[in-house]
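In what comes next, chain A is part of two complexes: it sits with chain B in the first one and with chain C in the second one.
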Partner chain A sequence: MNTLATSTPAPGTAAGVPKKKKRRRKYKKQNFLEFLCTVPALLLILLLNHYPLVELVRYSFTDWNMLRTDYDYVGLTNWKWLVTTLKTNHVLDSFRVTILYTIAHLVIIIGVGLLMALLFNRMTKSFAFMRSVIFMPHYIAMSSVAIIFLWLCNENYGVFNYLLGKIGLGPVAWLSSPVMAIWTITLTASWRGVGYDMLIFLSAMQGISKDYYEAAKLDGASSVAIFRRITLPLLAPTTAFLLVTQFISSMKVYGVVDVMTSGGPARSTEMLVYMLYQMTFEDYRIDRASVIAIVFFIFLMIVTALTMRWTNRKVNYDA
Partner chain B sequence: MKMKRRIALLLALALSLGLTACGSGDGSGSDASGGSTGGSSGSGETDASFYEVTEPITIEFWHNYTNEARANWLQSVAESFNESQDLITVECVYIGGYPVIAEQVAGALAAGTGLPAMSTINVPRVLNFADSEVVEPLDDYFTATGTDLSDYFDGMVDSVSSLDGTIYGLPFGISSGICIYNETVLEEIGLPFPETWEEFKVWCKDVHEATGKVAFGFPYDFNYMNNFFINVTGLDPLGDGTKSVLDDPKIMEFVYDMKELVDAGYCSWVGTSINAAQDDQLAAFVLGELIAYTDTSTGIVKAIDSADFEVNTAVGITGTDQPPITTSSGAALVIYAGNDQAVKNAAFQFATYLTSAENIAQWAVDTCMYPVRKSVLESGALEALYEDYPGSRNVFDNAANVVAKNKSPAMQSCMEVVVDALGQILKGDADIESTWATMKEEVDYMLADT
Partner chain C sequence: MDKWRQLSPELRRKKIIHALQTIGAVVVTLVMIFPLYWMLITSLKTESEIVTMVPTFWPKELIFSNYVDAWTAVPFLRYIWNTLYVTFWQMLIQTVVGVLAAYGFARGRFPGKNVLFLIVLSAMMIPSQVTFIPLYVLIAKLNWVDTLSGLILPETVSAYMIFMLRQNFMSVDQSYLDAGRVDGLGILGTIRYVLIPMCKASVVTVSLVSFINGWNNYFWPKILSKSPETRLISVGLAQMKNIWQDLSGTGYYNTIMAGVVISIIPVVILFAFNQKYMLKGYSKNAMK
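Our next item is the complex of A and B:
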């Protein structure tokens, strides 16, 4: 590591040539040793991340059902199934629902998270307390949150409908209406997630140099202009980070669906991962589930890559 | 450059090792072979010694009973079994619900290790497991040990048997869909619970008009709606298991009838999933907002314990000249085929011990699950239960009419699709004809696909 710190003899000198070679060899050896240090981690990643992925691809060419110990390779049969039964296999429906949930969830948690960060960007004790209150739901397990909201949203005896009734509004079928259920799930997950985004935005805001704001104020810029011209652009790397990481996690939503609706009513909340689970462990069709999982994986990879590419071009990381 | 090449080489080597490992899986990851045949001689006779336990052995029994009373009961029976003989030690392990047991079994099969000797599993899954030779066919065990199967209710045994009659499990925690109603209110308004579908339609209207409450709750549940389809129309909606009869005029008429009843507010369609439906219906029933509903037979306990009025039960509502049936749900005991013969033999001994008349009587009294043996019902051992939970008598008296569900491996998935469509029609404003036709197409595809 401290190779570069040693004194460098003038190039081309008689003493410099063998020393340079020696140094290069030492440098290479050092690099190799460093690489060796990463090998255990690398092997673990290969074993736990990449090997299952390879297996998944293999399953997609078999007729394995997880219960049988034997199976046959069936070529592209499962891939053909995905394409030829698109109208009836509900994969597209699930995909549509998942995308809808993801977009709504991202808009809410990033939008509200940013607004809250602006609101709570005061370093006083009372604001610290309020921030911790907002962040608190993130400590609760998703399944616990889902169970609480399951009862809050109960059509007949839930608190929400009781309160609506108090102001003369009719009961809302929060979970039993195919139209409402997806929004109820989105809001539930967002309630838990918004505090995290707020905290990330807040820490990014703390990192923005005060000089920018002072200069803008001296120039007579309005608060809106300061937000638009300084805060927002300088928060872009954080926004990009949240966008990418939470896009991926939102697309993989499972717990809240499992507890609150089991994909119902009428498949209106059947997200892709929930569908994959059902297919694998209820219908014992891991062969077909593998195909969907691979397509899903490729989709996530492409979207992530495009987003990263776009943000690398548009987002200014210098500040 | 060389360093880069070395790194690349190492990575490629590691990846190829992974690929080699994948490639070596020739599709026979475990030596577990489904079903023992060692006990049958060529002449078809069964060698009883093959099914004996000759050396000390410890076996694991996985169950799904999170309820403390049920889990404790199982533990105490296991302990008394362990004390009753010297060779077998049974360890009861709570694993999780049925899906978790199924997951763990699949995991154990894939890993080639960790399979329990036996477990409880939900009845529809028994045939899924049998289809993949995961569970042991038990006919030879019955023959070899002289187990008297005639004492078990035929329909319950049939529910764990394949189409060719091979038995893959022992009925144990059997429940079924029934109707639960508020007897106090019905007596007050003089409208006894109906027996036929035609009476039911009028009854719903009358009850609603007399009480202002919802007369009956249809649940978002394939089990109970399956019973309704069969009882009201006389048809199994999934036909012979290869092609559905969902477009039969009788079934369509039933759907239109239900739509009319729900739209009029006489009946309700409850829940978004099975669990939600059960909780919601019970809450509405206890609060007096719902006069009657359909639930699992074990639901009597919760209903009676929670309600401050008299509760009674009916098996179902028939639309034909046949008495109502109810299809078998709940749990069966299965023995896993991938184990050594000694493990399977020990498991069979414990399974028969667990379902002995004496134990089954106690199990029924403690849990309100069906006494799966005829002799228990005739013995008068259930009088204590009838006294505490009077509605259970109607249910258990009908034990002989508990029948197997459709034996297609896709039964549950198909019926869930049917119930989804029903939900769209009854709860939403989906067009009946087109929704039903699309659903039928999907169900027929699923049936043909298995």
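Our next item is the complex of A and C:
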């Protein structure tokens, strides 16, 4: 490292005027080595991401059920199954529940995250400490968070029902009511996720130039107006980033469902990935699960593309 | 009070808002930390104390035997060791593969570079929750189901990490790389002595994030480990809960909470020592 400080001008000049051909060959070798650096990553990505996707499509045309090692190609049978039994096969219900959860979760973590960013936007030591406390759940496994909330929401001995009883409410059937269970799951996941969004919003707010605020204050703008006209528009790129990344991660929720409800009661929290898992490892229907997985993937692609297009048009990138 | 009256109305308003903000922040922090407090306090209570109709906010009798119970009721040490082993190798392979690829994509000049990078980016759009069936079949063909190697394999590469590191490597000025080359550094030397030291914060952050994600992973351990010999801590705790819930109405939640506390100690330690680094890293990466 210390040689760097005393280093000499750009390469090439030191070597005088080398023969062009030799130099080119040397560059070629260098470029090939640079390419080699990317090969392990590329091979692993192709093996672990793209190849399984192709295989998934292939499985969807077979009758493989995992109890057997051999299988036949059956054309569109599985796809027909999906369409013709749409009313009874619970796939639509699963989509509905997953989307409901995703929207509720995103509204809470982005909305509350933004409000909390405003509240905690003071650069003192005590506030920094409180911020890191709020961020801490993000480090705890979702499955552990689910266990903690199972105990908090316990319908007989849980502290939530006790506290609600104190103010004359409840008892709430947190997990035994099909209507309530999905909200309990959303609450649990949001408690873990909101600190991250707060942090991202805060650092985006720190990045906004003070000049805007001073100019607005000189013009006599109220703090509500400043928030609506300056802070909010300039946070649009951050919001877009959170929307796109967290939409996908919410749609593939699994652990919290598995630990808290196992899809119940009455399938009311059977999210897509949980359904896929059940079909594969409980019912051994690889063929049908593959069809649903492909539909799920296409759905993710379309929504991501739409969100990106929509936010690109709306977002103000001047900040 | 006299002093207060001497202040201008504007200043008074400011002070009130300031105080309200502090109170609000403290209240929100207390609400947010309550589940963690409750976890800790439950883990120190006796079995009879957790099933009272009126929960106690401080244990009548502090006991630590729940920790011993959790540790001995299941092969806890085995779970922790498995998790450490799997997470360590995931982090190491991910970081080595990621740093190399990030160098190639940030600094390399070879035909087809952009197309190849698109392959990397597209991997971010293919979640393993979609492709887990073929991946499971692949791992089964390798005879790696229910082995620690099988648990490591699905997380050996992270497109996200390559993307982040590439951004950072691109922002290093070319003159440093040229200088290194003049001093006779090859590609590995350049990475080791120029790029990594200059992007230390990012490299540390992405590897720590990788470690925490590995430690907290639930999906693959649930699918791939079938026996206690290969079980990881996240699934182990969930299973403990499932079994005990059936055994007793109370579910022995005091012991389970003790298990959860043990399982989050490593990440909390990591967090405490690196929080400034990490928080900055998280937000910096999001801004790009």
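Basically, the second predicted complex is superposed on the first by the 277 of 319 C-alpha atoms of A that agree within 3 Å, B and C clash if a C-alpha of one lies under 4 Å from a C-alpha of the other, contacts with A are read in each partner's own complex, and residues count from 1 in each chain.
Following the convention adopted for this analysis, a residue touches a chain if its C-beta (ideal position, glycine included) is under 8 Å from a C-beta of that chain, and two chains touch if they have at least 3 such contacts.
Because the structure is predicted, anything quoted here is derived from the model rather than measured.
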Three-chain arrangement built on chain A, chain B and chain C clash or fit: clash
Which of chain B and chain C A:Ile148 touches, first, second, both or neither: second
Residue contacts on chain A - larger count, chain B or chain C: C
Chain B versus chain C as contact partner of A:Leu56, first or second or both or neither: second
First, second, both or neither for A:Asp70, with chain B first and chain C second: first
Touched partner set for A:Ser176, first chain B, second chain C, both or neither: first
Partner chain in contact with A:Phe32 - chain B first, chain C second, else both or neither: both
Chain B versus chain C as contact partner of A:Met271, first or second or both or neither: neither
First, second, both or neither for A:Ala189, with chain B first and chain C second: neither
Contacts of A:Asn156 with chain B and chain C, given as first, second, both or neither: both
Touching partner for A:Val291 - first (chain B), second (chain C), both, neither: neither
Segment of chain B intruding into chain C (one of 225-233, 279-287, 315-323 or 387-395): 279-287
Shared chain A contacts, counted only where both chain B and chain C touch the same residue: 31-32, 35, 42, 46-47, 50-51, 55, 150, 154, 156-157, 281
Residues of chain C touching chain A in the complex: 21, 24-26, 28-29, 32-33, 35-36, 38-39, 42, 50-55, 97-98, 100-101, 103-105, 107-110, 113, 116, 119-120, 122-123, 125-138, 153-154, 156-157, 159, 162, 175-176, 178-183, 186-187, 193-194, 197, 212, 215-219, 222-223, 234-235, 237-238, 241, 249-251, 253, 256-257, 260, 263-264, 267-268, 270-271, 275, 279, 282-284, 286-287
Complex contact set, residues of chain A against chain C: 1, 3-4, 7-8, 10-11, 14, 30-38, 40-42, 44-53, 55-56, 59, 116, 119-120, 122, 127, 130-137, 139-152, 154, 156-157, 159, 162, 191, 195-196, 199-200, 202-204, 207, 238, 241-242, 248, 252, 254-255, 258-259, 273, 276-277, 280-281, 286, 289-290, 293, 296-297, 300-301, 304
Chain A to chain B touching residues, read off their complex: 28, 31-32, 35, 39, 42-43, 46-47, 50-51, 54-55, 58, 62, 64-72, 85, 88, 150, 154-157, 173, 175-179, 181, 260-267, 281-284
Interfacial residue positions of chain B with respect to chain A in the complex: 2-3, 6-7, 10-11, 14-15, 18-19, 21-22, 25, 27-33, 99, 102-103, 105-106, 109-110, 112, 128-129, 132-134, 220, 269-276, 280, 283-284, 287, 289, 338, 410, 412-413, 420-421, 423-424, 427-428, 430, 438, 441-442, 445
